[in-house]
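Both of the next two complexes hold subunit A, though its partner changes from subunit B to subunit C.
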Partner chain A sequence: MLNDIMLGQYLDRDSIVHSLDPRIKILLVILFIIVLFISKTLLGYAVLGGFIIISTLIAKIEFKYILKSLKPLLFIISLTLIIHLFLTKGGEVIWEWKFLSIEEKGLNLGLFMAARLIFLITFTSLLTLTTSPLELTDGLEKLLNPFKRFGVPAHELAMMMTIALRFIPTLLEESEKILKAQKARGADFESGNLIQKAKSLIPLLVPLFVSAFRRADDLALAMEARCYRGGEGRTRMNELHLSRADYLIGGATAIFLIFVAILI
Partner chain B sequence: MNLTTKEMIVTSLFAALTAIGALLTIPIGPVPVTLQVLFTLTAGALLGARLGLLSQILYLFIGAVGLPVYAGGGAGLAHLVGPTGGFLFSFPIAAYIVGRIVEEREDITLLGVLGPMVLGLILIYILGVVGLNIATDMGLKKAIAVGVLPFVIPDLIKALAGAYLTLRIKRIY
Partner chain C sequence: MKPLIELNDVSYSYNGEEDFVLKDIDLNIEPGEFVAIVGHNGSGKSTLAKLLNGLLLPSKGEVKVGGLSTTSQEELWQIRQQVGMVFQSPDNQLVANIVEEDVAFGPENLGLPSEEIKARVKEALALVGMKDFARHAPHKLSGGQKQRVAIAGIIAMRPDCLVFDEPTAMLDPVGRKEVIKTVEDLNKNEGLSVVYITHFMNEVVNADRILVFEEGEIVLSGSPKDVFTKVDEIKELSLDVPQVTELAYHLQNSGLDIDSDIFTVNRLVEAICSLK
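== the complex of A and B ==
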């Protein structure tokens, strides 16, 4: 379970999409989202759908993973579809039964909204499926760098991300330990009404918070003892480099997406 | 923005805690309830406005890069730009507001923490419903019925637990 969490959704494959620079991938996803909200025609959506399928094939990601990413939002997608089907009125009546009826406008709008959500989810999850959390953090830091002069703490954010990622498994293990320790002392987390259950959380959460604060003290001391002094003049083990392939693929895809937004 | 090393680390540990809060589900009632909101509100109350805000932004980043830390094991940018986006984006703002109000008080009482936390919850609901409505166009009434009503009572209880927790921890630290 811990491993699952740490790698996130990342799937290790040998593909062009995987080796693309994370910065390019993030920018392309942002562009895709904008195009998705601009595009209003059936043809435009068909092209975007095809684009997602082709990208998935090139990335060598099996479609079952893409479908899996849809699962948590399936409820909200079907709800959107149903609400529009029955409650948006206008145009020809397509189907009628007693007080229920589906009209043309509702059908169109419902399918359109559902498609938009599905595209949004599948394409953005393609990013996290093909890029590891640490790569994405590096990419975000580099992308935020120009905003430093406006007060965006790019290096600090990336550093804190790395620390947070590093400590999620540790704190999760800690919370499981505390849970077991309190159970051994007779704490009851399962029975009782709402208030009692909320109360039973206190003996779990107080030690968890206290231990988090202690760890923060220790780590701060350790980092300062090793002369950590922020991002100024820091060198890295692995530098991100934009290669010619990055520019070519990124540029071509961006032109394609802008073309879809403007012309179709 | 100048952060000391200590502040940076405390902030990131709270981001990690919030992420864990979303993973710990407690079987209260029909809807599985996560502790995530509790951690968001408590982060504001314990860390103050600035660090509370930062910790919640970090939490959003952690989810965005693909770790399953959004409620119900969700992950990825899709949640930020999808129907649940409004709720997620409201967390940093809610933490900021809670922190801002709690910081200004000299002595901390249970009600003095609970009040701002309830305010934070209301803010989360408002932004959440607006986000839900933008993404799905379902109308405000339905958005409230789906996104707010089932959660009000568990959330209020979590706010109460969060307020109590804040008092306890502040006494130790």
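== the complex of A and C ==
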């Protein structure tokens, strides 16, 4: 059951979007989000929507994966839409039933907010679909590097992410094992109300934590034995290099997005 | 030839207590030698391993690697590069979520240029027979494969000596065989010194020297032949000699003309068949 959880959702394809430097991709996503929040016109949203579709096509990602990423947030999106529909008042009354009414402004705002959320999620998931977790961490480390002087532990954060990614499947496997072991001893994880259920997780969480700490201890020792001494003086096997294509594609897309924000 | 690792009167106690886990150990490890250390849990053998690369520092005495003392802070990293260490749990020593990246971890820490790291990773993975798994995720590998990746991660740092701290304790028989074969190959073909800690005697029949630890002291030492033929003494330490050796020993005791220095099934078969 637990094994079904996909680790990151990276899809290995041979496309320009995949080969783009992760730093460029991260920066473009940030820019896209800013533009998304500045843009207020229908045309602007249409252009941004088209932009997402074209990017997805270039990335050779099937649309079903993009739609899949929306699933967990469907509830929030519909909630946003419904709240705006019924609670935002102003403009012509479109529909009325007893005390409920939908007015023009509510409809507009609701649709815009929903579109905004959908675009936000689909575009960021395009980032994780086309960038491996490892590249993503490397990209983040490099982007945070300039902030080191302000005390941002860029290398440590990246290392923590790498280790977390490495150990999530291991710990999932382990929790499954403990779950079975406790069930075999008569532990009941299913019945009872929410509080009882939460309480019944204690015999799962305590051994899991104990073993996680033991693992951390072992790993620290193994890392030290392999000469790990922090980010200082450390090199990488796969250094990130910004190629001319990265600058060109990144620059062109950035100009396009800024153009959308200002003019439309 | 100068020994690779020298231990002079080394004692060690945790928390500075009087209760020593290791007592006055004198030991030299020569370049290219395969030394096996056998003993119970709590006999001090894992502590010894950690002393060899400065993960622990001796309470008394001195550990020297290639003439450098493990107590000097500046040379500690050079010592750890020279003496690589593989631990018991295959899961808890892999750092990255791609095999290749994990093998690169050590060389990256040494600050090598990226081209050099790539070459070393390739070479190391080939040496342990994991070349085809370079882009795999470690959690999808078997225990034996994970342990071989861990070994590759150490080899990529180009050490002179490999220390194995019960590398097969958590593996199934197949994984155990894979790892032992890898270790023996590295010792024979690459000329690396090996310090192999285990409580399975049958894993170390091909060692140059076996040291038996008990309560922090070396109680028996010598070639596998010397050690295994002392069946009674080893039984007294509640350790086991390889099954075939024990069988040969009993056959000999019951009056058959069979050598007691037999460590493999084939040799025993030969010996029995040549009985008159």
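Keep in mind that, in the parts below, the second predicted complex is superposed on the first by the 250 of 264 C-alpha atoms of A that agree within 3 Å, B and C clash if a C-alpha of one lies under 4 Å from a C-alpha of the other, contacts with A are read in each partner's own complex, and residues count from 1 in each chain.
Everything that follows uses one rule, which is that contacts are C-beta pairs under 8 Å (C-beta built on N, C-alpha and C of every residue); 3 or more make two chains touch, one makes a residue touch a chain.
For clarity, every value in this text was computed on a predicted model and none was experimentally measured.
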{"item": "Which superposed partner A:R236 touches (first subunit B, second subunit C, both, neither)", "value": "second"}
{"item": "First (subunit B), second (subunit C), both or neither touched by A:L109", "value": "first"}
{"item": "Which superposed partner A:A254 touches (first subunit B, second subunit C, both, neither)", "value": "neither"}
{"item": "First (subunit B), second (subunit C), both or neither touched by A:Y228", "value": "both"}
{"item": "Broader residue contact with subunit A after superposition on the shared chain, subunit B or subunit C", "value": "B"}
{"item": "Which superposed partner A:K197 touches (first subunit B, second subunit C, both, neither)", "value": "first"}
{"item": "Which superposed partner A:L79 touches (first subunit B, second subunit C, both, neither)", "value": "first"}
{"item": "First (subunit B), second (subunit C), both or neither touched by A:R215", "value": "both"}
{"item": "Touching partner for A:I264 - first (subunit B), second (subunit C), both, neither", "value": "neither"}
{"item": "Shared subunit A surface residues [contacts with subunit B and with subunit C]", "value": "133, 163, 165, 215, 219, 223-224, 228"}
{"item": "In the complex with subunit A, residue positions of subunit C that touch it", "value": "53, 55, 77, 80-81, 84-85, 87, 89, 91-98, 100-101, 104-114, 117-118, 121, 137-139, 150, 153-154, 157"}
{"item": "Residues on subunit A engaged by subunit B in the complex (per definition of touch)", "value": "4-6, 8-10, 29, 33, 69, 72-73, 76, 79-80, 83-84, 87, 109, 113, 117, 120-122, 124-125, 127-129, 131-133, 136-137, 140, 151, 153, 156-157, 159-161, 163-165, 167-168, 171-172, 175, 189-190, 194-195, 197-199, 201-202, 205-206, 208-210, 212-213, 215-217, 219-220, 223-224, 228"}
{"item": "Subunit B to subunit A touching residues, read off their complex", "value": "1, 3-6, 8-17, 19-20, 23-24, 26-29, 35, 38, 42, 46, 54, 57-59, 61-62, 64-69, 72-79, 81-84, 135-139, 142, 146, 153-154, 157-158, 160-161, 164-165, 168-169, 172-173"}
{"item": "Residues of subunit A defined as touching subunit C within the complex", "value": "7, 133-134, 162-163, 165-166, 169-170, 173, 214-215, 218-219, 221-229, 233-239"}
